[in-house]
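Sharing a structure, written as structure tokens. Questions coming.
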Amino acid sequence: MADFIKKIANIDRRYIFILIALTVIIPLLFPIGMPVTETKEVMAVYDYIEKLPQGSAILVAMDYDPAALAEVYPMTLAVFHHAFSRKIKVVGMTLWNTGAALGELAMREAAGDIARVGEDYVYLGYVVGDVNVIMRMGEDISAVYPTDYGGKPLAESPMMKGIKNYKDIALIVDIAAGATPELWVAYAGDMFKKDIAVGCTAVSAVGYYPFLNTKQIIGLIGGMKGAAEYEKLVKSRGTATAGMDSQSIAHILIILLIIIANISYFVMRRKDKLLKKA
Amino acid sequence: MKLRVPLILCFLCGLLMIVQFFIPHPPFTNMYEKLLDWAIIISIFTIVIGLSSLIKLHYTRIARKTPERPYSVVVFVGMAVMATVGIINGVNGKEFEWLFKNVQVPMQATMFSLLAFFIASAAYRAFRARTLEATLMLVAAIVVMFARVPIGSFLWQHIMPDSVLQWRENLPEDVAGWIFNVPSMAARRAILLGVSLGAVATSLKIMLGIERSYTGSGE
Amino acid sequence: MILLMGLASAGSLRAQIEKRDVNFEILGTVTMKKGDILWNLARRYYGDPLKWTLIKEKNKIPDERTIPIGIVIYIPTVEAKKIEKKVEEIIAEKKAFAPVTSVTASDTPSDDGKSVTITWELSPDDDKVSQYEILRSSTASGGFEPVGQVPAKTNQYVDERDLIRGNEYYYKVRATDKRGISADSQVFGPVKPVAQWFNEKYKFIGIAAIVFCGIIIYCIYHARRGQEFFVRRIAGIEAVDEAIGRATEMGRSILFLTGLSGIGSISTLAGLNILSRVARRAAEYDTPVLIPACDPFVMVVEREIVKGAHIDAGKLDTYKEDNIYFVSDDQFAYVAAVDGLMLRERPAAIFYMGYFFAESLILAETGNSTGAIQIAGTDSDTQLPFFIAACDYTLIGEELYAASAYLSREPLLLGSLKGQDWSKLVLIAAIVVGVILESFGIHWVSHFFSVP
Amino acid sequence: MGTVIGVWIAAGLTLCVYSFLYKDNPFYKFAEHLYVGVSVGYTIAITWHQAIVRLIWYPIKSEGNYTVLIPTVIGLLMFSRFIPKYRWLIRYPLAFMIGVSAGASIPRTMRSFVFEQMGATLAPFTTVNAIVIIIGVLVTLIYFYFSFEHKGPVGVVSKVGIMFLMVSFGAGFGYTVMARISLLIGRAYFLLHDWLHIVR
């Protein structure tokens, strides 16, 4: 018995790797379709965009790189779908250089046939400078982005005629894999009195609750679950929804692993104590 | 000239940014806009620093004929191909996008997905209830893990009798929501306050030239 | 001749369309301009261009390709319920629809002179209103252009669209109901936007910033003049010496990592200060310290620190420069190399002091599996859980800064730490007093901290 | 055709990286180094088009705005790093950038992270949650107070502070599990859907 527990405790980690791979792959092959429940943080973002008047514009900053793609790409698409289906104009940009090409892919994919570049959306791409870019855009977007991603002067896109700076933007959405939401809050949201919605990886989600509490951000789409909720709200079944079954099973596996590990830890510790007494 | 002028420059730039915050009147507003434009253009060139150390490292490896030599050649080939295609065909050109989508994206995404395996084995091997604090962390983690996936509410709604469900339709989600919004939020707020004071103090020291480690890079 | 025929047919078309009965609910009206097509109208109003047939049918348009310019098209609601009213009645109602009153416009305070705030009293028919539109002109008599709109029940708008400092502007507000019928207010003006010399809203922030900076400078000044500051014992600091001792006993090395941030980061600076202490002790005990770096600048400083420690300990002969080297500035390449090092060298003690990202988990887990004593310190709150789980001691957040001040005894660090502590005390006091006052309905403290 | 080849290359590289899970091997090392090279090449191309062409070349060409040359020259001083004698010149661009960001951050950090957060904390003692939040903020702040020993009542208070921190870190850990599993799902979905076409 004790030997068995010891063996379990020191198991080769590659067995755990195989277990994790299986718990992710099998539910993808045989989906269960467990229902996703909406949380108020995600509802807040959805409701805000839902209530915007047709023809108003939102700014979506896609501050992420391919590493975080699986988490933030689905929510980017869901937000775009929502905006485009409601005839809301979208200005896309990124503060991460690795995000530049991704932003273009995302906007084009979401636009499909329902939105046209130059009229319904514009993709500005990447400029180095983080907070300096955020601050400068508050005065004049074309000062940091004289052209769009492809090199076309902004003055030539009909949509940008009515959009000079944050004053013409109804909502800033920062979809982020890093700490950029804090910058958007401090350098754009508070300074220019703009509402900010945040979509982020599950790693950093917990850290943004203080800003939700102060209403410095109006809503939070956290990780793949948040993306799945948003997909449910806009009634599109994307990759986040498809992944939720795998998430469920993998989470249960990790919880079980923690419990087993702790049981074996306590059994072994008691044995050590008994040995010492003897 | 070597040290004093940069320190004065640093102080003046910082001062102007502070002044503009409190005085929304020309000429400060115009100077502020110019300053931002310049800072953005200057920061383009920070790429030089990272790039040069990388090239140096791999060049030395090739020159010294280390066993890693073939890999360093791979680095240079990858760099040359991607940069050339991108500059010549444009970053929204088909070829550049193809390379990005099929070479860079899969590798970076896969590297990070290795973390899924490591977090599982870390949870198994390191996450032990050794002390009261560790136990609290463990319990909070398990509650959140259970509640943040659909199976949490699914199980709750299928195991609990109706009388309990009338009281709480989705207790796991409620508990997780409470943790995020109340105790965890309070702790993060305190961290934020402390770290912000630290950040302001550091910025002040940099502006005043008391903290000047960045000038060491010029020695 | 053909042209004449065309004109004639257009004329009769116009008459034919204008004869239609408007006895259905409408979303609005559109005056056809050159280039307007029903397809686009349907797209704009319904979000579905295919619904253009509905517009055509209800307006009794015989041919959608030859709609005369200037004609008014009624956009039906999707259901287009029949109503018993005729066009004349709707026009009569339009007159009955009350505009907003008491429009005033004034310069927005505390700004750079590029905005005007407009306020008004709601239309008595506010429940019918779908939106208020704000119009602006540079003359009182005409040339009004829309500058913005707000939903019903709103009585304020801040116009910031392309205003020129010092110019005069005139405003009026147009109330529009759900059917697109509108009523204009009286014109207000002129108003002149001007810039202010001080942003009143931020006066308390200014006071707080000056007080805070003053405290920091005061404390640093006194620390430099040799005043001793007390810093409390931090769990984990004793463990630093213990870990060095153990590595010496076992005859193994020490691994020291300062994180992935650059030389300018406060976390890296704190890590380097702790390194100076560790390197000194290790030099005294002849225990090697291995430092793989991922930033070239940081590596240079690390070499200087360790060399200095060996000189201080009088053991320059045991200093090996090759123990400190640049690996890669790519996160995963760095991790793979450090992992390999841990498994090969099996250091007895591992220090993680600085800013870490996702790699923290892989490093700490591998270190844990080699059985080394691990001491971590980071202000990266997303990575702290992994260090706490996998390391023997973890310095949390600001404890890292405090530990670096404690261990290095550097007056600059001690003074700054002390200043931050005093400020924290002020915040704690403000919370206690503020909450008590707030509970009695006195809002002084919260007024200070609220930014309009 | 290009798409199919692309997917096969992507899948092959994905498997190369995963081979690391078994152990470090040449396939992984190849992928890792290719990745480093490609991402640097990418950065060069993006910087060229998105920054140099757009912010320096475009204003000169289309607006005749030659003032952008001043910051360009300051920026070019970064290259002084390669000339030992003039290495100190690199301090100028660094001082400029660091100064701007330090100055910008002082009032804005005060406002967004200190004032806003303080203002929200100052709520009357009405609901249980409000009380828990106020206590949580206070005890955690006291835990990070370094000027007196954690003994007696202060010791008890800071012990409560560490409990709040641990609950928060636990919540972070739990949430992070989802983040990491998501990344694996993303890759598994790619392999099964885009490459093998097993999953729809």
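First chain written, first letter: the chains are A, B, C and D, and each begins at residue 1.
Convention: contacts are C-beta pairs under 8 Å (C-beta built on N, C-alpha and C of every residue); 3 or more make two chains touch, one makes a residue touch a chain.
For clarity, every value in this text was computed on a predicted model and none was experimentally measured.
Here B-D and A-B were compared by C-beta pairs in contact; the pair with more is B-D. In this assembly, the C-alpha centroid of chain B lies 1 Å from the C-alpha centroid of chain D.
Taking each chain's centre as the mean of its C-alpha atoms, chain A lies 14 Å from chain B. Taking each chain's centre as the average of its CA atoms, chain A and chain C sit 15 Å apart.
Across the assembly, chain D contributes 20-21, 32-33, 35-36, 39, 42-43, 46-47, 49-51, 55, 98, 100-101, 104-111, 113-114, 116-119, 121, 133-134, 137-138, 141, 144, 165-166, 168-173, 175-178, 181, 183-184, 186-187 as residues in contact with two or more other chains. In chain A, the residues that reach two or more other chains under the touch definition are 17, 20-21, 24, 67-70, 98, 100-101, 125, 127-128, 132, 135, 144, 149, 151, 190, 202-203, 205-207, 210, 213, 223, 225, 247, 250-251, 254. For chain C, residues touching at least two other chains, in rising order: 202, 206, 209, 212-213, 264, 328, 332, 358, 381-382, 385-386, 388-389, 397-398, 424, 427, 451. If you sketch which chains touch which, every chain touches every other chain without exception. By the touch rule above, chain B contacts chain D in their complex via residues 2-3, 5-7, 9-18, 21-22, 35-49, 51-52, 54, 71-72, 74-87, 90-91, 96, 98-119, 123, 127, 133-134, 136-145, 148-149, 176, 178-194, 196-197, 199-200, 202-204, 206-207, 214-215, 217-219. Residues 20, 24, 28, 32-33, 35-36, 39, 98, 106-107, 110-111, 114-116, 118-119, 121-126, 134, 137-138, 141-142, 144-150, 165-166, 169-170, 172-173, 176 of chain D are the ones touching chain C in the complex. Touching chain A in their complex are the following residues of chain D: 21-22, 39, 42-43, 46-47, 49-51, 53-55, 58-59, 62, 100-101, 104-105, 108-109, 111-113, 116-117, 119-120, 133, 168, 171-172, 175-179, 181-189, 192, 198-199. Of all residues in chain C, those touching chain A in their complex are 44, 47, 131, 149, 151, 160-162, 358, 381-382, 451.
Taken in their complex, chain A has these residues touching chain D: 14, 17, 20-21, 24-25, 28-29, 67-71, 73, 97-98, 100-101, 125-128, 131-132, 135, 144-147, 149, 151, 153, 182, 185-187, 189-191, 201-203, 205-207, 210, 213-214, 216, 222-225, 239, 242-243, 246-247, 250-251, 254.
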